[in-house]
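Each in structure tokens, the structures are laid out below.
Both of the next two complexes hold chain A, though its partner changes from chain B to chain C.
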Partner chain A sequence: MTETTITSTGPQQPRKLWTMPRWLTSEHPFPWVFPTTATLIVFGLYPILYAVWLSLHRRHPVTRENQFNPEWNWSRVFADERVWDAIAVTYMYTSVAIVIQLALGLAIALLLDSERRGFGLMRALMTLPLVVPPAVTGMMFLLMYNNSFGVISRSLQHIGLMGTDTPLLATGSTALWAIMVADTWQWTPFMVLIMLAGLRALPKDPFEAAAIDGANAWQAFTRLTLPMLSKIIAIAVLIRGIDLFRVYDYVKVMTDGGPGTATETLTAYAGKIYFGSANFPYASAVAILTLVLVIITANIFIKVFKVRF
Partner chain B sequence: MNFKNHDKQQYIIDTANAFTRKQITKREFLRKMGLAGIGFSAFGASMLGGHRRLGGLTGIDPAYATTPGQMRDFLREAGRPFAGTTIRYTSEATPPTVVANELKGEFTELTGIEVEIEIVPLEQVLAKATQDVQGELGTYDLYYLDQAWHATFARDTIDPVQYYNDKPELAMPDFDFADFSEPLVEGISKIGDKWVGVPFDIPIFTLMYRRDILEKHGIAVPTTYDEFTAAVQFITEAERENGIYGTGLQARSGHYSLECDWSQAVWGHGGSIFRADGTFSGNDAEGVAGLEWYQELLRNAPASSLESTWDGQFQMMAAGQVALVQSWDEFFPGLDADGSDVQGLWEMTIPLIGPHTLRDRADAGYGEIPDWGHQGGSSIALSRYSKNPDAAWLFLQWVTSKEMMVQLTLGGGFAPMRNSSYADQRILDKAVVGPGTTRHLPVVLETIEKYIASEPDMPLWAGLSSNEIPTELGKLLTGQDYDGNAQACADQIAQIVDAATADAGLR
Partner chain C sequence: MRAPWYLVTLRYIAAIFVTAVFMFPVFWWGLTSIKPTRAIFNREQVVVFDFEPTLENYRVTVLGESPSLIESGASMGTGGENSFDGRETIFDSIVIAVGSTVLTIILAVGAAYALSRLTFRGSQLYLNWILSHRFLPPIAIIVPIVFMFRDLGLRDTHLGLILVHTLINLPIAVLLLKSFLDDVPKDVDQAAMIDGATRWQSFRLVVLPMIKGGIAATAVLCFVFSWTEFILSLFLTSEIRTLPVKITTFVTSTGSEWGYISALGTSAMLPAFIFILLVQRHLVRGLTMGAIKD
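== the complex of A and B ==
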């Protein structure tokens, strides 16, 4: 608080006992930045720091006490075979799903990039899967994959692509792919929307020039569309890739990481330790490891593909 | 209760009894209920037989519940200071919890105490209860405790017997702790001398069989593991073309249901999960024999067994896909429901016995009880951290009282925990083929009294039984690892479990 000095000379000034500190006034950035910063600290930074802190403790399963022991969980994380399996499953899931969703998203976007009658409706319908909660999608596919009555399994059995003795979600070689299908059904429209926005923003002139020069559709796509769309594609892959790396809902609902550990991603494993064994510090260590891997992978991607925001 | 209300409730009960005995049709029953001012939702009506459901819940209406006069007076008086209080209880969707959720309105009407029952999947119940006790939060006043978790939560609950004695002003008249089945109290509720909770649910392994299929092939009801295996193999061979298998399993990888099947297989072959010195013994000769037997069963079961927990196993039975199942008795009323394709075709008998000799309890570890009938019971426990323990205690007494135990059984058809319930005339009257049947209860009672088996009482068991053990078993059964070698799988489990118990300082 500052007080103004009252002098006996000069014109009479109104008596001001208190003025607001400058850093609290609208001229200073602080009042504008504070709410957002506080929210980020409370809901973003604090949980991460707390998880890091928790991961530095050993939880005694009998006494349930958390004792500070920084090495306990971290030495186990790297010695835990299930962690390594989960890392492999996570990278496999992320890389395959991103390629499929990108290819499908781009292809559908190219098909829907038209002003002809009915295309607007089709673009709107494309967004419908996005509004379904992922857990509901997982449940929906779980039923459709049921080996006895599921429409997908029965159809595949009927056309001879699958035997009755190999349930999709209970067979190690098919379970991860089955989950990817559900993920792809739900999130390909997201890719479509981003690609469509990118396609709509492309300048028309280069395409007109190419047409005059006799370029065919394939040449125009590979020499013009793809290069000009590359930054959009890179950003879409980055956003979706981070999302895929954290996949939890589908795995939890459809297989819970099984059969065995065939679909156990890092987040699914962390969830299992958390919910099943109630070992919160070790689950935190696995979760922090996931965060670190996401950050490293995303930064490598940004460097390699020169993504600029 | 005034005479008008009394007459109305009597009319409703008479009508319900007539419907149960098939003296009136469903249409007539609904019409009469309409006259009595009872509205059934489409869901409730469908539960009267239109749909199949685990436990065969009959969609009981709160009007069925007739808390006796003495108890009503007690609840009104004792509950008065707590009117307006809300208590919270989290549970899996077990039959008694689902029915109690429907009937809780009467408790609220009498006491003014609101009851919130959160029904979530089993693993979430565990996570919520664990978080609550870890932080001593008191978010939940009552916990649903599966028998596998009792040792974990033993110090977080209030002993109900002690509370009953310490608070005479809140002690429900004629609550009668001695009326609870002794083996259940030992297996489900007690850790040492302490009652961790009050028994609330007792699914237990019995043998269920399709009478018509066995008769068709001239097969006697199996009584031993060897006879069962032979019958299962024969039926699969003979009926596979018709889409019928010898048995169905709850073998979903990584799920507690698989661990339940496995532990019974080990006990049934003379093994145990732990030795007396606390080391894992599922990898000894008897344990491996049990696991190999289970692998053989899987070859004679629908492939969907690998993706099924108890719900899926029940669906296989209800859909007529399987002929012989050793599993939870709570399936039975649902199989008898109206509209069921197999109504009246399933029968129940005691679990398989022999030819192997059971391992002695003294040779097993952590209070494990190797026997023929795996129990999967649960109790309802009063949280030590509850902010409203007295109000919650009143609800706990009400929901586990003699009268409510009968009402819950009539509504759900599951086995009651009190000896007096088995002799109750209303329950005996429902021992006929139909929705919510109680005709299987004599077998259940015999199994509880003579053959009840219990998993170990140890703090790590909640995690081991729902994560490490069923995950490794899943790798074996689905061919992800071990190349079909049961011994290798059991040895790996031994390594994991022994490391965990050593880390925890349990041996």
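== the complex of A and C ==
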């Protein structure tokens, strides 16, 4: 590139006894990237490698010492039914929530994309759920779901959609969906914002041409809006999907994986091993499995939908 | 082509309804925080407006006053320390969020500059490597970090949490700052360098002032992410508590003090609300790490 040649035309510096090696000058990327790289290695890469290393150890049941035994945890992970349950719960949660949040986000974005009075305010209000700490969101819904004085549960009971003996979060068939409602409340605005940005950036001409050719609103949406938004939708789904896969806060606060293991996602299970039995090597194995599944799933998605940052 | 009046009306009704649905949980939460305990725990009916508003919950949690005996439920011990005093937690949260925001920006701006202005072998790979940390499940690094912090004496310290929150924020900040730097034409700093400035001088004196707005937006997002972070704070601390973790400790087996929980929860949301409204313009870019510009 040209940058390097340009700076050499600068004024001559007086000769010094010791000149800085080039890789320490601001011309070289090293000093620029070093602080970030070092931080990410110390607090990111090293802990991951350490966790992998730890997962290759067996915790002795009596002495609690870690002995090198590479097969122990990994054969246990794949034989552990709770792991398979957790994988199923995690994929189910992620895939259903992503579809709902994307569909709602797109619909609400289309609804709010107007220059009329008040719509700007409504768009601003829609961003507020995004800044509520997810743990607090969990608490909000915990309060509203309370079976004896929670506003949602009592309303559902009142109109007969729910029995008083099946608390939403303590019933296996509803608990995961109840958590998903909290997640959807918090993160649909994320989709709305991104879709609004996408809609704003669309060129006007194709729509005018389509209107002249007699296309109706639905045709314009499916043939023009959706294809032109596809790149943005792919990025949004990728970011949101990975975050859904890592879900922890809502589960921890609202059910802690219960009732039974009905809402136990992979991260929740790893956290439980950590807090419960303190079997760090096994907790690490489950956590690393989560990481591997994230990487594989995300990369398949990136390849299929050709996402690029 | 103007839409007929009934379609416009219908759209208003739908939009207001949707916004109201999304505002409701926050509204209900705020309402709960000013209810007296009796109204919150009314099993006969869900109390909406039929109560005497009180600031008791805020006095106890934010100002640290002892709960008055009449209002406190049976689950509260009388006398002794006020375990719902949130003042220390608020202080801890502010120190950690501000500390990690400042550290993140200082570290990230360099890498962002290199990625935007310098061409080096493997820069795309390096970018992807940084980005991958954004998607790391925190649970995967918690155990080693707990060990590491124990050895370094960083457990239960502000510095420890500042460092891990910096790790969480760095990938977002680097990519976001890079996208703001990419908006500044390269001619600008090249002109400065032709005039004899070193790259460092052109960065500090020319480029940096031009991305002030971008740095502010990045800082706000980092602050909010640190402020709302839960899982790492939960695992790495027991004495120092950030607000989200502290609030969850109010749920106990003997009964949850929803008045105090909602009061502290509302207080925790307010600064983030205000900050995020300040950076509305850059929110989409921030949430997608510069991939989508509004």
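Keep in mind that, in the parts below, the second predicted complex is superposed on the first by the 291 of 309 C-alpha atoms of A that agree within 3 Å, B and C clash if a C-alpha of one lies under 4 Å from a C-alpha of the other, contacts with A are read in each partner's own complex, and residues count from 1 in each chain.
By definition in this document, a residue touches a chain if its C-beta (ideal position, glycine included) is under 8 Å from a C-beta of that chain, and two chains touch if they have at least 3 such contacts.
This one's a predicted model, so the numbers in the text were calculated from it and none came from an experiment.
Once the two structures are overlaid, the count of chain A residues touched is higher for C than for its counterpart among chain B and chain C.
Within the superposed three-chain model, A:A211 lies in touch with chain C and out of touch with chain B [touch as defined at top]. Touch criterion met: A:L54 reaches chain C, while chain B stays clear of it.
Touch criterion met: A:E27 reaches chain C, while chain B stays clear of it. Once the two complexes are overlaid on the shared chain, A:L169 sits against chain B while remaining clear of chain C.
Of the two partner chains, chain C is the only one that A:L40 touches; chain B does not reach it. Once chain A of one complex is fitted onto chain A of the other, the partner contacts of A:F280 extend to both chain B and chain C.
Of the two partner chains placed by superposition, chain B and chain C are both touched by A:S148. Judged by the touch definition given at the top, the superposed model places A:A197 against chain C, while chain B stays out of reach. Of the two partner chains placed around the shared chain by superposition, neither chain B nor chain C is touched by A:V96. Common to the chain B-facing and chain C-facing surfaces of chain A are residues 148, 274, 280.
Of all the residues in chain A, the ones that touch chain C in their complex are 1, 3, 6-7, 9-11, 25-29, 31-37, 39-40, 43-44, 46-48, 50-51, 54, 108, 111-112, 114, 116, 118-119, 122, 124-144, 148-151, 154-155, 185, 188-190, 193-194, 196-198, 200, 211, 232, 235-236, 239, 242, 245-246, 248-249, 252-253, 267, 270-271, 274, 280, 283-284, 287-288, 290-291, 294, 298, 309. Across the interface of their complex, chain A is touched by residues 1, 8, 11-12, 14-16, 18-19, 22-23, 25-26, 28-29, 32, 40-43, 45-46, 106-108, 110-111, 113-115, 117-120, 123, 126-131, 133, 135-145, 147-148, 163-164, 166-167, 170-171, 174-175, 190, 193-194, 196-200, 203, 224, 227-231, 234-235, 243-245, 247-248, 251, 256, 258, 261-262, 265, 268-269, 272-273, 275-277, 280, 283-284, 287-294 of chain C. Interface residues of chain B, counted against chain A in their complex, comprise 123-124, 126-127, 130, 133-134, 252-255, 302-304, 306-307, 315-316, 319, 321, 459-460, 462-464, 466-467, 471-472, 474-475, 477-481, 500, 503-506.
Contacts from chain A toward chain B in the complex involve residues 60-62, 64, 146-148, 164-167, 169-172, 255-262, 272-280.
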